[in-house]
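Common to both upcoming complexes is chain A, partnered first by chain B, then by chain C.
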Partner chain A sequence: MSKPERAWDPGNPDRLYIVTKSCGQADPGVTRLDLVTLIVARTETDPGLQPEHETIVRMCDYPLSVAEISAYLTLPVSTVTVLLNDLLARGHVEARPPVPVAALPDVGLLEAVMHGLQNL
Partner chain B sequence: MDYKTSDPPAGPRREDILPATAAAAVKVVIVGGFGVGKTTLVGTVSEIRPLTTEETMTQAGVGVDDIAGIEQKIETTVAMDFGRISINEQLVLYLFGTPGQERFWFLWDGLFEGALGAVVLLDTRRLEVSYEVVGILEERGVPFVVAVNTFPGAPVHPIPELRAAMDLPESVPIFACDARDRASCRDALMTLMRYLYRLANTPEPQ
Partner chain C sequence: MVGTGSSPHVRRPASSLIWLVPPVVLAVCTASAGLLAPGEARVPVVWCGAAASVAVALASAVAARRGRVIHALRRRCDEREAELRGLLERQEAETRRLADLLLPAAFKMLQQGASADEVLGHVAPSPHAGTPFAAEHRSVLRSVVYAVQAEEGLRDSAHRAFVNIARRLQAIIHQQATDLREMEDRHGNNPEVFSDLLHLDHGTALIGRLADSIAVLGGSRPGRQWKNPVPLYNVLRGAMSRIMDYRRVDLHSVADVAITGPGVEPVIHAAAELLDNATRYSPPETRVHLTAVEIQSGVAIEIEDAGVGLTDETRRRTERVLELAERGLDLNDLGETPRLGLAVVSRLARNYRFRVSLRPSAYGGVRAVLIVPSELVTASATPGGEIARAATLPPPKVRKKPGRPLPDPPQMEHSAADGHTPGGLPQRRRRALGLAARAAAVAPADPPRRTEPAAQPTQPGIWLAAFTNALKGDAPVGDRGALSDDPSDEKE
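So, the complex of A and B:
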């Protein structure tokens, strides 16, 4: 068993550069990820994953927004997005896009939100 | 002390986990000048301890006294707080408390795209800041309501005066709010939803 060590050092920009550089290059098929796109793991972590990817997969056992992943990893959303696209491309996670909001939001959606706020 | 086996794995605390049924999210942005109470409001209504996402901005340095005269890059880290409210088993609402300076808003790609709307926290000590903020939201077509935070010693203006000073149309709600008070913050969000509801039911004449 390898000891669970800190997956990476956020203070090391070279490391981050390598992480983001090595993946997410394939522009076609890149999923547009919003701050509030929910990410859920589809697979168990697999030993072939880089530690950064593995941490995300483990974290997304239950749905988690891109913003939350960024916060828990202390990585910028732009970097997290690159890592996520890599995991998406390999089928390790699934993305649940935000409720589409047109110029005028859906009345049913607003009713649901109002109902939820009432219970706050 | 090499073994850090006791370190909790990165990720949400048990009580901050969303149900597996969470299918989609919506977002609302909280905007306003420095120190107006954005973080406070997010923390007051959030079901999770508010979190922070950071972006870095690289700027060309000005007047840097380096010998070679090579332009220096200056990195600024900008933080944005956010919180979460589970609406029901499927729907999640996220609240983003934007950084105080508007020029940083666009570090987060798509922060305003697809947002339901915005709550502008108005600081009566610095009306001009809120004026600018409102201008940007109008430009981007983001519907908003205006919550007036009352700070001790701040000038007190009647709401109609503030509405006039801010050039707000009659239809845009403007109301008093205390970002430290849960009911007051919930009412602010509720007012935004009712306003959006009215907009959705009475489309603007073309």
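So, the complex of A and C:
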């Protein structure tokens, strides 16, 4: 549909709790997904999947962040998180935490190295 | 003292002959006795004989006269009886006409909204108009018609009040649902708030269903109207969202069709009521199966539960409810209708020509089939469901080897004109290949993937993982069989 508004709001009787089937309560102990966690599909879509799951698997052909998936699906992040947790539990997708900032060398060090190199 | 009609005179000659016979015979006897009697006895005998003859003549005359009177009376009596019988038959026929023809016709007109005076004017006049009896009938008819009209008016106003209340409720609930949606969007990042909002949303949907039921029983249409066709998958999920135990419902294969706008709400509501019955009357640990298949005359929505099933008594009651609602449910009956849902369903079925059947299921429970007629079914614009498949898919990405130069971007102006691109992100450039290529990549979506199983070991995105890991300095983890190869020989 080429409607500019959200696809599900004016023309869709679906409610979000049906999409997640779980009233949004995340099980304790599941991977905590961040907005910038990258999601990659590990398997092909299979016909048993709910359409939302299937779409996520299909679009995560290459890594997409949770925020991007949420935007493409026009679903709130919490809903996407629940869906992703389902998929993670079933092994359809893989979550890759973003590069931790602390692991990168800090800017001061890089500048020092750069200056050192320039001074050579 | 005898009524002097014309008919007694006609019979007179015959009867006059008869009454003369006894005195004549007696006179003849007297005469012969006088001839035979000895001389001194002759005079007394003749005198006695003459006296007796006169007496008998008198008696016979009186008897004959009375006979004639009786005869005439009997005839008059017969005539009167015949006349009365005819009258009675006419009255019976008139009463029958009143009961069999006039009253049903009058009720029908009243139910169609005619006023009492119109009805009385339209009712065919009696063929015996003018008689007091016909007038009495007319007044009976009049009082019945007025009474029925008053009753209908009462019922109508009760229905209107119902519908009015339901409409206000629906407006409030719709507003609340919209607000909840907005809040769900706003607090989408906060799982606790979000979960509470979903809980509230569910509660609101339940109230909304009740309001819709009241509206339907009041003779109105349920809930909001949808402008565009909605895919059946979403319609059924909408139905699921309106019941308490939606988690127990398994939505299986659903035909890839859509329900036209005007039919959406009735189908959702009828399916929700049937689902509610199925979940309510089956043990809480069992599942309820929901499927929809396309059939010759439309779409059949099947709801199967593993509950207690239909006993004979329940089936009778169910059929009674369905039949009651077929005739137009009286609000007075609602108190004794144990399953309000069925009344609503059959009301919807009557208005929208659905067919509902409840049969024993193979699981031991009930298998409810709701057949939606084909005029409410149309082709689906978004096969599979609206949320997911209509979602904006990200453009297919160029999987490039690390270090390889980017594909030259000659079509940047196209990308920029597209508006979707927030400034030259590398993956957007592929989009400029043209709309046709993009459509081919997005719409079928599956076919290209089916050609790929050979590329299974080299999972998409693994090069990025390797890249990330290398950055982090981690050792490769997980199934890194593919990583032992040089990542640069990954297929494009």
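Going forward, the second predicted complex is superposed on the first by the 78 of 120 C-alpha atoms of A that agree within 3 Å, B and C clash if a C-alpha of one lies under 4 Å from a C-alpha of the other, contacts with A are read in each partner's own complex, and residues count from 1 in each chain.
Methods note: a contact is a pair of C-beta atoms (placed from the backbone, for glycine too) under 8 Å apart; a residue touches a chain by one contact, two chains touch by 3 or more.
Bear in mind that the values here come from a model prediction, so they are computed numbers and not experimental data.
Legend: residue contacts after superposition of the two complexes on their common chain; A:Arg96 is shown touching both chain B and chain C. By the touch criterion defined above, A:Glu54 lies against chain C but remains apart from chain B after alignment on the C-alpha atoms of chain A.
In the superposition on chain A, A:Val77 makes contact with both chain B and chain C. Of the two partner chains, chain C is the only one touched by A:Thr45; chain B is not.
In the superposition on chain A, A:Ser65 contacts chain B only, with no contact to chain C. Of the two partner chains placed around the shared chain by superposition, chain B is the only one that A:Leu120 touches, whereas chain C remains out of contact. In the superposition on chain A, the residues of chain A contacted by chain B and by chain C overlap at 7, 35, 38, 40, 55, 58-59, 62-64, 68, 70, 72-74, 76-78, 96, 99-100, 103-104. Residue ranges of chain A in contact with chain B, taken from their complex: 3-7, 34-38, 40, 55, 58-59, 62-65, 67-68, 70-74, 76-78, 96-101, 103-107, 109-118, 120. Those residues of chain C lying in contact with chain A across their complex are 181, 184-185, 187-191, 194-195, 198-199, 201-202, 205, 226-228, 230, 233-235, 237-238, 240-241, 246-247, 264, 268, 381-382, 384-394, 396-397, 399, 445-446, 449, 452-453, 459-461, 464-465, 468, 471-473, 478. Note for the complex: chain A touches chain C at residues 1, 7-9, 11-26, 35, 38, 40-42, 44-45, 50-52, 54-55, 58-59, 61-64, 68, 70, 72-79, 81, 94, 96, 99-100, 103-104. Listed in rising order, the residues of chain B touching chain A in the complex are 2-5, 7, 9-12, 17-20, 22-27, 45, 51-56, 82, 84-88, 91-94, 96, 108-111, 113-116, 141, 182, 186, 189-190, 193-194, 196-197, 199-201, 203.
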